[in-house]
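Shared between the two complexes below is subunit A, which pairs with subunit B and subunit C, respectively.
After this line comes the complex of A and B, so read on.
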């Protein structure tokens, strides 16, 4: 099977994460040929069987590129938070166009489009969450594809993995932790090292976001602080809730 | 046969699990002994040499029951540990076996053989934890036997310790108080000494060692006073009357459509913390973790939580999609279903779930509302 790794607007950290697989990448190469990988290859080819797409389209050209990738691949995997939720790029949607332009000191040569998750433009077969994505989950997905098993998204929160690691709860210590609404799978990396969850994996479907907002308010966080935390990685996914919170 | 944990009738307790929660000799007949506090570390060292000793330890603000290498590691806490004794017998992640493809066949290597057949002694367990072990034994060792649990659970000596004062969230008096019905030895702090109740033949053998001395009537009175004081303190904080077990279960069962579930469903964050800290929760998920081409891998059992969306997901449908249904299920699985099946509550009043819930759901308040 041929695979390709494609980048839209992003920091390309997920591509680097691919290289971070180190010796596992050799395992990977026994089953796959990497045909398209701008960061690591000089000559890139199309079409591919599995396309991993990181980043989010921010202009017309990139949207067309994404549509072409979708046409030329069998399986499209949204790689990392930017591709899944719009990520940090989507934070720009919280401000007005004019405000955003000022950052670059004037109008860019091409009119940018609002950063959106890949789902907004094309059908996405699998999602790999996280900033950057988790290597274990990538191997899980690839194993599932090879063995013909069903790959399931994790429908539970970071809290689950955090409490299995017997950590002290950061909410109890007064941190603004988004663990209870963020999709698990990262093995609670940040909370285990004493840093609150920023929600880089985005909210999971069943998350009780309003309930968590209430918990945070009870701890003493202001509306603005909560909105800022929620829009850091998942503004596009949480638009409605954030709107509701603003009006409340 | 159903039994009531509140009415102690030792005969009924002796079930045939084959586990030496050793038969209670006759706790009334025991005069009891005592041990001076300055000899306790000698006694524990003696225990450590004869058994694999487990006791409360505290690290980074988290107290749990852990393996003891030297007696100085033991934390003498005035109350129960934050994490229950459950992970010692039923770890969060357990590898069942390893499989490997060889000449078209799969070769298995069972990890059951690698579990140490050690004689454990657990010192410093509280009533809530010991009761929880009784409940776990029912689930894991009666109808369906779990060999992995069994191997760890066999040959375990229970040496309990009464609490000096309760934690904020404790309510063990609703389930029979601080001293459970089955134990080997039970220590109670009475000032300069620990009063020691003997609960089994094995316990009696241990007491015959040099460290113990005969207790007087006065010591026993002191012990009773101590227990009563602490239990009164728990009752003062939270009085829940659950005594008529069957009636109570019926009462709770009737409240299936109570508005309380809707309210709790809005609060609950489905984080599963209450399940993981609960000393009697025992649900698990079994999965295969393989290498990239499936030629070798491991079968792993990991704890699961009934609060999670995927818990009740089947090939046909998810029959507890709504959060309120999941919240209700957990309460029912503590106070209704086990009563119907085994005649016991699967809650022991340790209050750990109250302590960890980020949404502040308090099982005591829930119960109080359900019963009233």
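After this line comes the complex of A and C, so read on.
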């Protein structure tokens, strides 16, 4: 089977995370040929069976590149937060076009495209959540594909994993934590390190977002602080509720 | 008249998207264009208005390869702006984290991106077939250094334990001891790596470049120091008086000059300006007849490999004297201010500069190492390729790529930040 790792606009941390599989890559090479990986390879070929795509298009050229990847692969995996939700780049969508373009003195070098999740443009077969994605989940996904089994998203919150690790609740300590609405699978890495969840894995299916906003307001956080936190990684996925909160 | 145009649409094995055009007429080099076509991400725009507590979180996302350097420069700039004192052991732990991430980045560059050029291999993936043990060694060092970074940072890519004023978690003596032990364990591998990269046959091209790096007059600083170039020395706060950024029409990346000249940052600059290599590292280099200062551009690779040995030894000393860290409540005295921080990222000097008003960012300026190096890369390509302009297209392509890759350019970094007006 042939795999490719593709990069649209982003920090390329997910490509680096892929290489951070270290010696496991040698095991992978027993099952797969890495046929396309510009960061590491001189000759890059298409089509591939599985395309891992990190980042999100921020110009027309990259949209076309994404469409071509979709056409030339069987399975497309959105690799990491930028590909899944638009990521931090999508925060620019909170501003007016005029405001953003003023950064370039009103004349940007190219017509900017709003950063969107990949599934805004193409069908995405699997999502690997997180900034960066979790190596364990990547291995789970790859193993499922090799065995022909179904890979399932984790449909529960970071809170579940945080409780299993018996951490002291950061919300209880007065931190603005997004753990209750954010998709699990990271083993609550940040809260376990004393840092509130910033929501880098995006909201999960049944997240009670409005309920959590109420909780945060009761603790004493302002509307602006809550909107800021919700916008950090998932503006594109949460803009309706953010709009609602603004009007509230 | 024989005219040739050599074009590489997408330079591979570098971080980010860049292209190269070389024009040769009658065996004489006419033009070299090193262009960047990566999309912009408007960090400058969305950092504005954000709370100071999030700035380093966002800064880390500028670049996934030097995320530790970006986070540290950002958090330091905020601390400078708000006059927050960081405990000495937290500073030392940050330095340890920076060292392990530097070595990780150098190993990634040396083995995965640069080495294939010198072994006639397409990529590290093809090297796994011909030189499996070498690749395994690279993975072992990478894994160990990533582990060391995550001992302090929680994880290696986008560390999650930094906060304004210190760290979010307790960092125990055992944790520091594990770091020290791991570094000791891989030290022989770092020496072997240096031996390999000191013995490669690099392009001979030399130029009397302007170099720029942090400087403190006693070591090769990464985390703190004045800024020094070949001709001038100034505190980081005065960077705007000397370093000027500009834009060219064929590239989305910003460029920069110091007092009107192109300049180089990175491993070679650090060693050229700071004659304080530890004996073990210096003697190792000298046994391969390589010494610093050195004007041979492609020796950036060798300088990185020598730095690994130097900083590994430095880190053992730092770890020995670092006490356990216990997080404390940080007293933020003021919520207005302006702060500048300069630190050494693996690829060279990195500057973060913020203005903060009522706890929110009103201005951000970030100058990345690759933005600093871009004009120097182009100038040195002109210099080197005019020496070999009579060679075939293939030779020119290969040699040009070798020189570009030596800088370990990080295009993601160079396009993602433009100043907030």
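One rule holds for everything that comes next: the second predicted complex is superposed on the first by the 245 of 248 C-alpha atoms of A that agree within 3 Å, B and C clash if a C-alpha of one lies under 4 Å from a C-alpha of the other, contacts with A are read in each partner's own complex, and residues count from 1 in each chain.
Rule of thumb we're sticking to: a contact is a pair of C-beta atoms (placed from the backbone, for glycine too) under 8 Å apart; a residue touches a chain by one contact, two chains touch by 3 or more.
All of these numbers come straight from a predicted model, not from anything done at the bench.
Peer 1: Would subunit B and subunit C fit next to each other on subunit A once aligned, or clash?
Peer 2: Result for subunit B and subunit C: fit.
Peer 1: Have a look at where A:240 lands relative to subunit B and subunit C in the superposition and call it first, second, both or neither.
Peer 2: So A:240 meets neither subunit B nor subunit C here.
Peer 1: Should A:95 be classified as contacting the first partner (subunit B), the second (subunit C), both, or neither?
Peer 2: Only subunit C; A:95 stays clear of subunit B.
Peer 1: Between subunit B and subunit C, pick out the one touching the greater number of residues of subunit A.
Peer 2: C
Peer 1: Counting only touches as set out at the top, which of subunit B and subunit C does A:195 meet: first, second, both, neither?
Peer 2: Second partner only.
Peer 1: Just to be sure I read the superposition right, which of the two partners does A:27 touch: subunit B = first, subunit C = second, or both, or neither?
Peer 2: Once the two structures are laid over each other on A, A:27 reaches subunit B alone.
Peer 1: Given the touch rule stated above, what does A:248 touch, subunit B (first), subunit C (second), both, or neither?
Peer 2: A:248 sits against neither subunit B nor subunit C.
Peer 1: Check the residue A:123 against both partner chains and state whether it touches subunit B (first), subunit C (second), both, or neither.
Peer 2: Neither partner.
Peer 1: Given the superposition on chain A, what is the angle at the CA centre of subunit A with arms to the CA centres of subunit B and subunit C, as a multiple of 10 degrees?
Peer 2: Taking the centre of subunit A as apex, the angle works out to 110 degrees.
Peer 1: If you've got the overlay open, could you tell me the nearest Cα approach between subunit B and subunit C in whole angstrom?
Peer 2: 11
Peer 1: Kindly list the residues of subunit A that each of subunit B and subunit C touches, one partner per complex.
Peer 2: none
Peer 1: Which positions of subunit B touch subunit A when the two form their complex?
Peer 2: It comes out as residues 60-62, 64, 83, 92-93, 266-273, 276-277, 290-294, 303, 305, 308-310, 323, 356, 358-360.
Peer 1: Any idea which subunit A residues touch subunit C in the complex?
Peer 2: 8-17, 19-20, 22-23, 25-26, 29, 34, 37-44, 57-59, 61-62, 87-89, 91-92, 94-95, 99-100, 102-105, 108-110, 112-113, 115, 131-132, 189-190, 193-195, 198, 225, 228, 232
Peer 1: Sort out for me which residues of subunit A touch subunit B in the complex.
Peer 2: Residue positions touching the partner: 24, 27-28, 30-31, 139, 142-143, 146-147, 152, 155-157, 159-160, 163-164, 166, 168-169, 171-172, 179-181, 204-208, 210-212, 214-215, 218.
Peer 1: Flag every residue of subunit C that touches subunit A in the complex, lowest number first.
Peer 2: Going by the criterion above, the answer is residues 10, 12-16, 37-46, 50-51, 54, 57-58, 61-65, 67, 108, 112-113, 116, 122-125, 128, 132, 135-136, 139-140, 142-143, 146, 154-158, 160-161, 163, 167-170, 247, 252, 327, 412, 416, 418-421.
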